[in-house]
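Notes to accompany the following structure.
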Amino acid sequence: MVRVGILGATGYTALELIKILLRHPQVKITAVTSRQEGSPALSSVHPSLSGRIDIRCEDLTPKQVAERCDVAFCCLPHVASMEAVPHLIDGGCRVVDLSADYRLRDAAVYKEWYGHAHSDAGRLATTPYGLPELGTNGFREAPLIANPGCYTSTSILALAPLLANGLIEPTGIVIDAKSGVSGAGRTPKLNTLYSECNESFSAYSVGKHRHQPEIEQVLSDATGKRVDVIFTPHLVPMDRGILCTIYPRLTGKKPDAEILAIYREFYRGKPFVRVVDHIPATKDSAFTNYFDVTVRQNKGQLIVLACLDNLIKGAAGVAVQNFNVMNGFDETTALIV
Amino acid sequence: MVRVGILGATGYTALELIKILLRHPQVKITAVTSRQEGSPALSSVHPSLSGRIDIRCEDLTPKQVAERCDVAFCCLPHVASMEAVPHLIDGGCRVVDLSADYRLRDAAVYKEWYGHAHSDAGRLATTPYGLPELGTNGFREAPLIANPGCYTSTSILALAPLLANGLIEPTGIVIDAKSGVSGAGRTPKLNTLYSECNESFSAYSVGKHRHQPEIEQVLSDATGKRVDVIFTPHLVPMDRGILCTIYPRLTGKKPDAEILAIYREFYRGKPFVRVVDHIPATKDSAFTNYFDVTVRQNKGQLIVLACLDNLIKGAAGVAVQNFNVMNGFDETTALIV
Amino acid sequence: MVRVGILGATGYTALELIKILLRHPQVKITAVTSRQEGSPALSSVHPSLSGRIDIRCEDLTPKQVAERCDVAFCCLPHVASMEAVPHLIDGGCRVVDLSADYRLRDAAVYKEWYGHAHSDAGRLATTPYGLPELGTNGFREAPLIANPGCYTSTSILALAPLLANGLIEPTGIVIDAKSGVSGAGRTPKLNTLYSECNESFSAYSVGKHRHQPEIEQVLSDATGKRVDVIFTPHLVPMDRGILCTIYPRLTGKKPDAEILAIYREFYRGKPFVRVVDHIPATKDSAFTNYFDVTVRQNKGQLIVLACLDNLIKGAAGVAVQNFNVMNGFDETTALIV
Amino acid sequence: MVRVGILGATGYTALELIKILLRHPQVKITAVTSRQEGSPALSSVHPSLSGRIDIRCEDLTPKQVAERCDVAFCCLPHVASMEAVPHLIDGGCRVVDLSADYRLRDAAVYKEWYGHAHSDAGRLATTPYGLPELGTNGFREAPLIANPGCYTSTSILALAPLLANGLIEPTGIVIDAKSGVSGAGRTPKLNTLYSECNESFSAYSVGKHRHQPEIEQVLSDATGKRVDVIFTPHLVPMDRGILCTIYPRLTGKKPDAEILAIYREFYRGKPFVRVVDHIPATKDSAFTNYFDVTVRQNKGQLIVLACLDNLIKGAAGVAVQNFNVMNGFDETTALIV
């Protein structure tokens, strides 16, 4: 039995994580943290957990968490995360970090996009990026895995087979991305109020979204080419799901069926990737750990359509997938329901 | 031309009010206030007003507003409103107050339900309650009109014809009320986040909602009977609209058609009341100043179904309707689109 | 391994059922039927099943289903169901019927509310009503179980503890019910189009809904009193969930806490009932087999707030719960995720 | 007073059209048609019109409409429209056609994309395309105006200033378009059911949408260059609004502010175009006749963000705008509310 802790348990990702872990046969949740006063019952913070788990949200230090847990899922905001992670690791706890703090390899890039010097830069180069479909080298022994961003997972999984096979130019790739509102978190803000989002659709952070350099880094690393993308995120009036519509330039002519065959070969044996013939809708993968992808062409322009559930395959699901690999469990444990 | 000011211009009700006033041929908006720093353009606070009005949100005192305006619509929260209103009136400005501060006649009841002593109690007894369908006595001269609550308007307009004609018992009336989320305002709060409200339905403030005593007071006053209601509000995952499903006890047998005829007689000549034969949906009156009502019976139990747009007929629309009566304009000016 | 068939596999309930059965360790799905031409793959009818099950929708006779299956879940519309069920049973197949055809004990009541003579009336008196929280007598041997309606489950589970303990009057109980749109099925109709339902809320079938006599029959049977209810359904702009706000008359004074204690005693050991202190939201039980309930009082009027997921606990989930009991499996198998 | 008829009055566009026309001081609605049996009251087809207009939906021939009307708005589906229009014109009625039948200049292109030979091809070359912001030459005398498609209006208005000023390459322009569900019409279909669309986002008709050749034709005509676009439509879970995110290649470097200045110059004096500095949301222009547009750049890639209400500026609103020009009324009559 692995003793597991969750730091920062009040958000949507933490809630999904706890639901998944509750059905994991090898896991016992032994600590959940939050700064809320009075150590409220977790089920009062998340009423959907009523009757399912009897634990309190405590304002624990990383050291205290490390004493109680073998593995910690860190759901803290960036910056807070890199302040906690070294203490967790020093305390003997392995960590899956769901923040952005350990995703970028280069501390200067981190500073540029996150506006904050990295206080644990030494660990950046050696921390595996937790997208298991691209390889799980080092996961088994790693003290820390950097869980990927939701937009980034969608974009990377959609583009990796094309880049790896030289089917597309690595530069100027337009990624028109659309996400449900849960991706924006549970902290009350004007722009995520119901009456602001509902019956509305818009772009945001155009040219400034922090997932752009992450996509570029991971795809460049994975393919050995300098990949550069134009990433435009939009907010969709729904809770769950991301769809990326991606416009790369083909290096040569190839029918859709051949391209799909290349995807299928690339992802052979990957239990959560579904290369489909139909046009996928976010609803098809909502509440699951599946990633759905297909391609179409319009006058020779390739169009990749890719989607996943931002809170599951885009966050909590892939975190448990990483956890499973770290611990030598079957990769799908607790993830197919 | 009436010079008009809006106090507290950042909320949803103020936005609707401004849209209505922009099409009012007798109105010029001369002041809008907010506490936001830097006197932002109104159209930056409400992008839907881009290109429609060129005015800034200023942090004005009530006295300053009174200097610039003949009439002020006060969209401040309760308590803040009763602190501003006396100064507006003293400055020579007439006021339509959209807060709850002048709706209850009895300062003790106000204190009981709002948890705050009333600082302008002297004005409570003489301020007309602005539901013009129940009579507009004194509106023409009043320095101040108390604009009704959204749930209260729906409930009162639904019940008044029945009570006035002795068709129902005045006590134990169950009002099961449902509202869109815009009624909860534009201040960021956890319970009005998109991902909390969307795909969810629940009751709130059961037995504790402040519109309950308001409904009882107005209906008791209007009918001369002590009316008492059981009011249960619910939040619907939509922006606009209120529907009340009301279960009064009939004093005698009467077919639906006769009851509807009594409603039609009661509201004869009222341009915004639609007594309909079909079951009304909130969508039918959304974005309008109409109030829709019908009745059905089930085993002798009368069921009244009533709806309106909470921001228009339930707030900004009726405010302009009151303003029109105050100023001797046609009651429907700017309100039928 | 139990060989299971699903008749009428194209609807939303069938989809949920299949998802649950896919994680059931004792089940193999061996037949799914639909009248669609060309025996389409199930995953083309329900794209969310892509990669999860490799079976076709066939236009099979009940006899053919019975040859392939030990148990059939009948998701056909009413009337179609009672035409298929006898053949399934004759063929040696046990049946959980999700239609309304075997819920009412009295063929005359069936005819009155469904406008159709019952062609298999002989089976009505002996078919258990599948609400396991009220008892599972006879389930283990029954050839057929009548799965309850979604509104009815919510209402019955909310009221049974009160009636059984004599806490409320059995007559004149107002049930103000609200449901997500998935309850209306997957057949294209004007009133369930997105643009009709979205941003709208309304009542429907007032005084005419077929779940009213079902609620009354089951509660009367369960308590030995003639129970009569005023049932008013509403459509909420959301996919999933039912909330019933119920107004019974208390027979005596009793604080909320004592009433909740009676609920907890009544449902002791029932794994899917959560008697909660907070006001439940439909979202808390969405996508689960839980039923959430609490009570409040307003001036002595008891208000019961009860919710569940209409497609799971209100349909497919309770169907599998019944199936588990029929087969001697743990009641919760495949139902806690 | 212009006597106006609406052919095909049961859809969403017709409803919006009627609401606009009801506030038009120069219009009297004298005929509305539909094939529904029994000539139902228009307010029973559209309950939101209760108490607002007293007219029946009749199954009239175009000839009968022409006898009663000076101008007809034709809201019939394509094909049906080109069968009715010649008879309307022959009967002396001027027509604004909201279908796709007279938008394409070339009958062969029509046949290719609509799969149907054009039966009134002679009129294609001489019928003005009704996008008044691009010019209103000939509108004043035209017997027929072809009202543009909703996606096309958005795309064309977004691109015209760039193309006219040679700022972008005319080919390979990626238009990633997103629309609310009302654009799909009011005929019951599986893919527009509430439970299919809600909480889902997907692309559709990729590479096959009929607005693609329409955009190309109008922009090519307007600019004298052969314009070619890659158009990908998506369905957003909301009623109203279109947002197009457009990726053209700049011909040279130019800062955003200069580009916006060119837009402002291009649309000077156009009352419904708002060139904004902020990123527009569909909600800002919902229920209005405004078109909102801005630009951003990301690594030298220009991104145009443009939105409008698909039923108003994208259909019924621009139809009345065209009608106003045809009749010599102020272009904004009945359109600013």
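The chains carry the letters A, B, C and D, assigned in the order they are written, with residues numbered from 1 in each.
Keep this in mind: contacts are C-beta pairs under 8 Å (C-beta built on N, C-alpha and C of every residue); 3 or more make two chains touch, one makes a residue touch a chain.
If you're wondering where the values come from, they're calculated on a predicted model, not measured in any experiment.
Annotation of subunit A and subunit C: jointly contacted by B, D, touch as defined at the top.
The chain with its Cα centre farthest from the Cα centre of subunit D is C. More C-beta pairs in contact connect the chains of A-B than those of the other pair, out of B-D and A-B. Distance between chain centres (mean CA atoms), subunit A to subunit B: 45 Å. Once the centre of each chain is set as its mean CA position, subunit B and subunit C turn out to be 40 Å apart. Computed from the mean C-alpha positions, the centre of subunit B lies at a distance of 36 Å from the centre of subunit D.
Residues of subunit D found to touch two or more other chains are 196, 198-199, 237-239, 280-281, 283, 286. The residues of subunit B lying in touch with subunit D in their complex are 19, 23, 44, 47-48, 50-51, 199, 274, 276, 278, 280-281, 283-288, 290, 292, 336-337. On the side of subunit D, the complex with subunit C involves touching residues 12, 181-182, 186, 188-190, 192-199, 237-239. Every residue of subunit A that touches subunit D in the complex is listed here, in rising order: 172, 174, 176, 178, 180, 196, 198-204, 206-207, 212, 228, 230-232, 234, 236-241, 243, 245, 247, 279-283, 286, 296-299, 301, 303, 305, 307.
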